[in-house]
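Take a look at the structures below.
In the two complexes below, chain A is the common chain; its partner is chain B in one and chain C in the other.
Right, the complex of A and B next:
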């Protein structure tokens, strides 16, 4: 005998491997979400704290309030815009790296990931140096006489968008690049040999085959951008109110915990709806994708 | 006189220090079918890529229909290519795959539909036109790939190991159909394969390649009857091999193996006396219980006999050498058993020998 073995019952085996993840996720992720959802049914006490209740009054308030409707719309559009911007920036890079670059050149692709090695706070301060009214970019533009007045990027919507796009760019790149790497080179050669121009091959073959990657990347960027409160708070201004910072300020500044919980739950539901809907769209329109 | 569909003139192609194709010349008459065979890495796929234009030759010329292709991109060579993996567009139905070439050429919709239906009828896939590639079986995908390659009516069709993913019965079925189809359409074709059965069944002529060079081009009769090199004999297989010594006397050579097997075979010009490899094709040799003209004394010992379907593989010991012969299994001769002593009867006109 070579010592004792831990007996793992056959039926339980698959669960054993999930145990570490479950131990982390159940108390650290699922429980807080359920607590927040529960809190959203309470009533905020104007004197502080919450009164326990089971009411949808907070939902009724928020969903009928144009102030919040505008915040939801702002956040949806801004996050979708960030996802689109990331897609536009990443697509040529991913296309070139996956389908045209030589193997050694593909190492450059990993430069996209180097910002991940730097703390987001450091990157924010970097952007402040670059885009503030007296920052590097404005100094160059005013100094060279291209513009008379500095452009207001920092502490406005531009600052938020620049920060979000920079932060979530890698989340777009990986699925996009992976999807394009999966495109069989023979398929591209087949298209060429059938008389298609490079543009035709791109439009009719590469682009449709990269759609699932585009959607996967856009989902990640969207979900990240809509729930980010750090960048809007540090780089953005007050002209465009966004959802995640509002959730934070309702909870911390206004101490409306129930209202904050309601906003958070609605945001989560909204993100879930967008993700499921886009996933369904891919499953429906790109039936082939599961078999490539 | 019409120009050959394809001509390679002294084509060389190297990748770094590896010479993939070296000084290859060949010519394919219009309507002809040529197979390129050889072990993996022999350069046959590179030849195909040079013809298709996916690679450019370092030296030499590739001519299609008599026209030099050096400045012609793969897009404009008007070839039909059937890829090893089929390379169907996964997001397009079978019909859209087949019509792709006409669609990018801007053909009218009605013409595309008519051609797709015509191709589908030829390849008997009419019922599958609406399906996506992943909803098709391997054989059906193969047919769609062939239909797509033929839809633009190319004058030359290239097939790159196009049958290797199919199981044997299906492969033979597709081979027969393709063979009939190409002859009916008068399309020339170059087939790259490592399967010599496929090569001989589809092509009128077969080019045997080895280490970037074409060893020999010919019909089955020429390749088996007058092989140009030891490589051709060994690649085609089905022969027994013995180390022997040849003594050339004019137009004949006395070849002796192990001091007991003596064959007087024709000597092609330029062959010298010395140690040689003697090849015994299955049709040139038989096993006899009694001494023969070629093998009069010291019989060979049968070590092992294995059944290979309609043939039997005989492992023999002849002096210090072992000899493997695949011979017809079901003949009038009583079968040999391990331990038997046998004499080799040899037809001298049919043996091959090379230094």
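Right, the complex of A and C next:
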């Protein structure tokens, strides 16, 4: 080693590696979120724009208004329902691929990553073709005489649910599959060789050990679904008002920026509470999960 | 048939149905692009390439593609630099605040995107900067950081730090060590992270809708779907799927272990 070198103080090395990330995330991520929280304390000027203030008036308005209470309830229930639906739909596939199928990795890649990476607009357009009143599903059902009237799924809650489940299935699949891959095959074989039936082995070995994956996947689906406004706006109807589309329309259409900031802050707090609470629940009631 | 075999068959059948459900909307959206009719009936009554001609001559499509590709390329570059640096710091060092930094790097993944979109709208407004490419670039880059960090971190698992020490003791500068030792090892992670970041940006709506003028490709597609749904969108969809496939293929090539040509 030769030549003059800039002396790097001890302990600074990690921060030098972190510098680009901090230069991006502090102004581009932390600052905008703090600004949303700050602006939620402003007042909307009916003539346009915001008046700087430090008041909880927006929170008081929103939290006492039944209109918004219903929106929060709708979004919480719908997102939780989507998380549960994704879990139920994915579970057998993850189980099959992680513990039984012979060549799972390649199939998993095509099944999970590819849909995750196909534009959501393409998928929405596909669902419109499939479930519209005159779409493929309804023409098959009415054409074969199973139903007389077409099912009105598009531009209603069914459309939103189908779109959300389809969009977020891969986010459930990844942690679920990872958790099941970690299950030691020897434990499963031991259970079977000690005389447990296949069902008992599943119920007492595989199911408990997969719970961390279930929770991690459900968290991702929940957080994704509750903040999604694209699918409700394009596949859903007006009968079910949801939180994320309301944040967008208050900000962009109504130009109630402070109110929009308040709704966004409440959404953020709600998501954080649900994520932390489910994490705590796993840590408390699934002690075995720590060893998986 | 034993009970185990029967369960196996059922699971195989179910997995096939699951795959069908995942693929179906993408399949019909792309297949409709060769329809000869102006409606969205499936299967199409006849075949034609007229919707490709319509798409390729539509200004909204060409402008949208170029804008979105530029945005995706630029934001991926930022995300790769930031995420790779962060992954190296988190993997190689134990320092005060490491847990906080680690959480911060993955946070853009679970934080509702509408909150960030609204925040960027506020930030650029307060700074007096124009909306459009700038705030979209920042937002998309932030959204790409968790993918790059996570995938480079997993490429680093099992990384032997004594390689760095050996390189340094042989007189290599830190930069030389990084380029000839570290980079080849983490290249697959970087490629996978870059592919994810690129495709996420190319498809982004939730940030762009707040901070652009509605001129990125996904936003243009959204307007088309909402107001004039005809098979032009199907042709555009097919092209978008082809672009995504190309990106995945390129990333896949980078992921494959290379035969060492030179020592």
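As a convention for this text, the second predicted complex is superposed on the first by the 274 of 292 C-alpha atoms of A that agree within 3 Å, B and C clash if a C-alpha of one lies under 4 Å from a C-alpha of the other, contacts with A are read in each partner's own complex, and residues count from 1 in each chain.
Note that in this section a residue touches a chain if its C-beta (ideal position, glycine included) is under 8 Å from a C-beta of that chain, and two chains touch if they have at least 3 such contacts.
Just so it is clear, the model here is predicted, and its values are computed rather than measured.
Engineer: Can A:92 be said to touch chain B (first), chain C (second), both, or neither?
Structural biologist: After superposition on chain A, A:92 lies in contact with chain C alone.
Engineer: Is chain A touched at more residues by chain B or by chain C?
Structural biologist: Of chain B and chain C, the partner in contact with more residues of chain A is C.
Engineer: Once the structures are superposed on A, label A:287 by its partner contacts, choosing first (chain B), second (chain C), both or neither.
Structural biologist: First partner only, chain B.
Engineer: Give one of first, second, both or neither to describe whether A:19 is in contact with chain B, with chain C, with both, or with none.
Structural biologist: Only chain C; A:19 stays clear of chain B.
Engineer: Applying the document's definition of touch, where does A:194 land relative to chain B and chain C: first, second, both, or neither?
Structural biologist: first
Engineer: In the superposed arrangement, does A:267 touch chain B (first), chain C (second), both or neither?
Structural biologist: In the superposed model, A:267 contacts chain C only, not chain B.
Engineer: Classify the contacts of A:32 with the two partner chains as first (chain B alone), second (chain C alone), both, or neither.
Structural biologist: second
Engineer: Which residues would you name on chain A as touching chain B in one complex and chain C in the other?
Structural biologist: Dual-contact residues (chain A): none.
Engineer: In their complex, what parts of chain A are in touch with chain C?
Structural biologist: 1, 11, 13-15, 17-21, 23-25, 27-36, 39, 89-90, 92-93, 95-97, 100-101, 111, 113-115, 117-130, 132, 134-136, 139, 166, 169, 198, 219-220, 223, 226-230, 234, 244, 247-248, 251-252, 257, 260-261, 264-265, 267-268, 271, 275
Engineer: Quick check: in the complex, which residue numbers of chain A touch chain B?
Structural biologist: For chain A paired with chain B, touching residues are 184, 186-187, 189-197, 200, 204-205, 208-209, 286-288, 291-292.
Engineer: Show me the residue ranges of chain C that touch chain A in the complex, using the header's touch definition.
Structural biologist: 3-4, 7-8, 11-12, 14-15, 18-19, 21-30, 32, 39-43, 78-79, 81-83, 85-86, 88-89, 92-93, 95, 98, 101, 104-105, 107-108, 110-116, 118-123, 126, 138-139, 141-142, 145, 149, 171, 195-196, 199, 202-203, 205-206, 209-210, 218, 221-222, 225-226, 229, 233-234, 237, 240-241, 244, 248
Engineer: What part of chain B is in contact with chain A in the complex they form?
Structural biologist: 52, 54, 73-81, 83-85, 87-91, 100-101, 104-105, 132-134, 148, 152
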